[in-house]
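What follows is a group of structures, each given as structure tokens.
There are two complexes below, and they share chain A, which is joined by chain B in the first and by chain C in the second.
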Partner chain A sequence: MTASTSSIASVMAGPAGHRGWRARLAAWRVPLSILALCLLPWLLPSNALAVNVLVYGLLAVGYNLLFGYTGLLSFGHAAFFGAGAYVTGIAIGRFGVPWFAALLLGVAAGAALAFVIGLLSIRTRGIYFSMVTLALSQLVYYTALQASSWTGGENGLRGFTVAKLDILGWSIDFLDPIKKYYVLMVFAAAALWLVSRILNSPFGAVIEAIRENETRARACGYDVERTKLIAFTLSGLICALAGTLFALHLAIVPLDILHYQTSGMIVMMTLLGGAGSFFGPFVGALAFLLMEDVVSLWTSHWQIVVGTVFILFVLFLPKGIWGTLIAWRADR
Partner chain B sequence: MTSQGTYSITRRSALAGLAAGSAALAMPALVRAQGESIRIGFPTPLTGPFAAEAKDQVKSAELAVKLVNDKGGIAGRKVELLVRDDKLNAGEAATRTLELIEKDKVHAVVGALSSAVQLAVNEVTRARGVIYVSISQSDTINEVKDFSRFTFHEALNPHMTTAAVAKHTFKPGSKIAYLVADYAYGHEMLRGFKRAQAAIGATSVGEILHPFGAADYSTFMPQLRAMRPDILCICNFGRDQANAIKQAVDFGMNRQSKIVVPVLLHNQRLAVGPEAFEGVVGGANYYWGLEDTIPSAKAFNDAFKAANGGAYPTDYGAYGFTGVSSLLLAMAAAGGPDTDKVVAALEKLQYDVAKGPQHYRACDHQSVQSVLVLESKKKAEMKNEADLFKILAIEPAAESILRTCSELGFPA
Partner chain C sequence: MNAPLLSVESISRRFGGFIALEGVTAAFEANKVTAIIGPNGAGKSTFFNVLSGVLAPSAGSIRFKGRDITGTPQHRFAHLGIARSYQITNIFPELSVHENVRVAAQAFRARYDIWRNRAVMTELDDRADAALAAVGLGGRRDGTAKFLAHGQQRALEIAIALVADPELLLLDEPTAGMGPEETKEMVALLERLAAERTILLVEHKMKMILGLSDRILVLHHGRLIADGSPQHIQTDPEVRRVYLGQNDGYA
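For the complex of A and B:
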């Protein structure tokens, strides 16, 4: 059903033919997204940037599940991103856990943290919800800062470089940037499929119903609090996966990853790409990181340029890059 | 209608593909063109609170490269400096370093200006066997856990800085109060001072931690006054240092006790002015006034002034020069950028490029070098705008002010 596929744009969908085009695009969205990700390292100026787009894109996709589809503006998603990264790093560096198990641990820890923070925050609404998530994630930040014997504190977590991956008897050189990208991409692809599956399920329809009209969803008999909590936890889980991939990629976990600026950046990427669209967050992460990367090579005043672009986007493309493209196609 | 839509998409993607394809084809040509030069990556925080120091570092590093290129480069190859903004963010620095290594194929990395950022760069270069010359203070990078055979620490470390400053300011029986920034830098400086204090026989009358980036220190001052210290030791960096000293002077702390800082910053003193800093004592890796006694300092100052419209080099700026120069000297000795040969050459290198003799200690690759102890001048004593400090003492380059190799965890 098209209603659950995406976005505000669907409300203003054109004639039936376009609906068919949009439906086909929606049906193929996971393979198409994966194809785009496969091409990414060959199109971007560097592989390190490609991996960052992958990681932050996935992070924004996870965030979008809560913000774009459920309609909850969280300012604390850095906590789950960081939790995934720290737990993976500590598991490998301190306990010598194999990388795959460490990855699962990171995801589990992030999801558990999301469950707890979700439990405490979803009963508030609007600005209060944003503030509670912000406060709780700052709590996580200061915990990581103080627990420096575990996290490295200010200096960040180090000493867990994974140089080789052993997968079913195969040994992969994980320092090779292209191989690293494609290994990490497998996880991102799996997560994309999972998110798509969630959005297409009845549960996906319910979270969108809550976004559109919470009172009505409640009147229809849905348990709004429980649904929100599940959406919050799933969103945290995807973000934690992005965190574990970040840790495996850079082999360090800087303390900044938990800072509220990271939370703000996630919101910006999602808005830039288009909240409430499936592939939008990836486009947002790509645009954000590419702009930063390229402009900061030209000039040390890159912040002025990036800031101006943001203002222009907010003024003229409030649906974000991808959201606007989709709406534009639907209008024609 | 639908089919039309599909067509236009195909055309678009074909165009995009073409553009991407030609860009990809152009890439190897670029790489080939660079093949002849020796490339040095230089990540540094051009934006953020340490931007002033970072820009000085870039100027000095560029000068070091220019001086070598003017003499024909290294083994006939030109040297190229690739400056990248790390935004004072460890994740960004690691990404930039990966780019420099993987895409730009740099032969070595120099730079970073924060404990966390240099440790991130160190982690990336260590895993990939790339030479890294670190030019920011840290004790952690000397320790065996973060040691890399390919990393050389050109900057002073908090331990040696505080040892030198304490030696020339603390007396047996002195009462010392500490105001410390509550993060890695402050903690490492405090640890160093307390160690020196115990050795000298001074006593601590109290420690107060303040949050990183605090603007208001007025609540701490009455407490510090009540401790009646002979010496007020302020362990923080950048703007925090300027703010804390200004407010301590407003509270008349300088009449009651001597104000001592681990690192007396050229740029902060310039920003605040001579009155507040008058009589403040602190350490430094470099001060241009060394030129009266050290010929290499004179040569560095003259070259820097000629290249930068008469501006004087600063303390943190000089790290850029000494760090890049030592690396280039080693490359010249090794006859090229081959990593193993350059590492061996760096380990053997005895160099004097700006501040007198220096060399890298074998176990931890820390640069053994002199530490200056400076005092901020009165306005009346200043001969010109850049005449900020009086050199109280020069602690000579010696391993005795470093922690021993076994203390850092290296096998004896």
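For the complex of A and C:
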């Protein structure tokens, strides 16, 4: 008995070196990520880029919950990003709803839309799932295009500029880019904490099991469809939050936000950074936006370059930038 | 006579025009090991998939502990007390060996809890370690499952099923693809399990079945053609004709 216990202990001590390093990083991932986001405006050449990395990074974080951790490739996540943005914009511009309530409405609307689209798509698998999510998100796009009296149609939604935020008696100048960045960052930080909490929960273990082997997870006694639907809705909720932050930041909602190119961009950012890694989506958003900024300086066909880089990543670095770095450091 | 743990009443299963299983009736008592044999395409896998809820029967009914469970969704079967392994290794490849079993144990504690930290559920670690020790994988607990040898992966699959503490264990070719040494270890493991559990297994290796099982069912073209003790099955002329003589079944 003692012999077997000690042999187990010695085996545990062996790999504890690199496993321990990863475990420590995982335990500190939320504070470390928030620290990185705090420093972002001072590390990047412009505040505009920092805000974009923040918002698109959060969007990719929401998508990563579904794609990286649950293993479902959705091509329709622009719908939830757009729903959050439009509902927040309409609530403020048309109904004069206070900004914080408008933000909550945007998040709720995006989550509700994700629940409905999830309900319709989750029973299909593989490429069919991707196609159904794509088709349903296109339906949302054309609805927004047609309902131009509400959404502004092709011109986008305007007229809901938030100039000042009143928080518990404080008044913050929302037109000051750096103040705006840190206000938005508070929400991104809260979302990161929530996502980390979900990943650490029993539910987090179940979605990873489904990603690894759906058949086995079902045989273990998990209702796979229901679990996927919850993951889909939570993912949509985080993406909708990114959408509301986007709307508050830009003070307009362009129709493009709902286009399937946005869905494709979300997939690219997540893969570039590292699907299934906690901070990877922010790295992916930064890489994507930097490439767009730099390459579009010398050619308007920047998408060719970004597309090529994306293909090279899928072929040679499937874990993405951040995922590869973590794995490389863990193996040393 | 004791009430059977599991009974099937004239179950059939069709796939379009093809009848994979036709009118099979059988009852299984607790604490017995029953083997299901038959040539390729005899309907063994279909029978197993019906018993584990993967497929609903086209006709007939299944009773478990006296309760009709026909048409119950597959994910409920583990909660009823029926666990299975697969013919092709079916594990969570990227998770650690320990996590493979732990997540299986968790299905009986928390499935939709997105709030608690799962690390505090330490009783799951103990249950997982006990199941791993039972199949002889205690020393590999922290390795990644996909790096285990084939035989160890099969043992891990049995640990995943065992941690549910099932009343009925369905094993689909537990020694498939194993060499003689690995097979020997698996048979020793099955003998240990047989002492305390009700087991149904599909197997091809005849020698192993004869030593291990209390009873053998023979399927052929979707029909049950024989049902009895290993001695009885060995001498049954119908079985010899369709199965044993055909492909050197005694190998």
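As a convention for this text, the second predicted complex is superposed on the first by the 307 of 332 C-alpha atoms of A that agree within 3 Å, B and C clash if a C-alpha of one lies under 4 Å from a C-alpha of the other, contacts with A are read in each partner's own complex, and residues count from 1 in each chain.
As a working rule, a residue touches a chain if its C-beta (ideal position, glycine included) is under 8 Å from a C-beta of that chain, and two chains touch if they have at least 3 such contacts.
Here the structure is a predicted model, which is why all the values come from computation and not from measurement.
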Partner chain in contact with A:42 - chain B first, chain C second, else both or neither: first
Contacts of A:26 with chain B and chain C, given as first, second, both or neither: neither
Chain B versus chain C as contact partner of A:254, first or second or both or neither: first
Partner chain in contact with A:238 - chain B first, chain C second, else both or neither: neither
Partner chain(s) touched by A:103 [first = chain B, second = chain C, both, neither]: neither
Touching partner for A:302 - first (chain B), second (chain C), both, neither: first
Contacts of A:53 with chain B and chain C, given as first, second, both or neither: neither
Overlap of chain C and chain B interfaces on chain A (superposed complexes): none
Residues of chain A touching chain B in the complex: 17-18, 20-21, 42-43, 45-49, 52, 153-156, 158-159, 161, 163, 175, 177, 246, 250-252, 254-257, 296-297, 300, 302-303, 329, 332
For the chain B and chain A complex, residues of the former touching the latter: 1-2, 5-6, 20, 24, 46-47, 51, 84-85, 87, 89-91, 94-96, 98-99, 102-103, 115-116, 119-120, 122-124, 126-128, 140, 145-146, 183-185
Interfacial residue positions of chain A with respect to chain C in the complex: 4, 7-8, 11-12, 14-15, 19, 197-198, 200-206, 208-209, 212-213, 215-224, 226-227, 230, 234
Residues of chain C defined as touching chain A within the complex: 52, 73-79, 83-84, 86, 90-95, 99, 102-104, 106-119, 121, 129, 133, 138-143, 160, 164
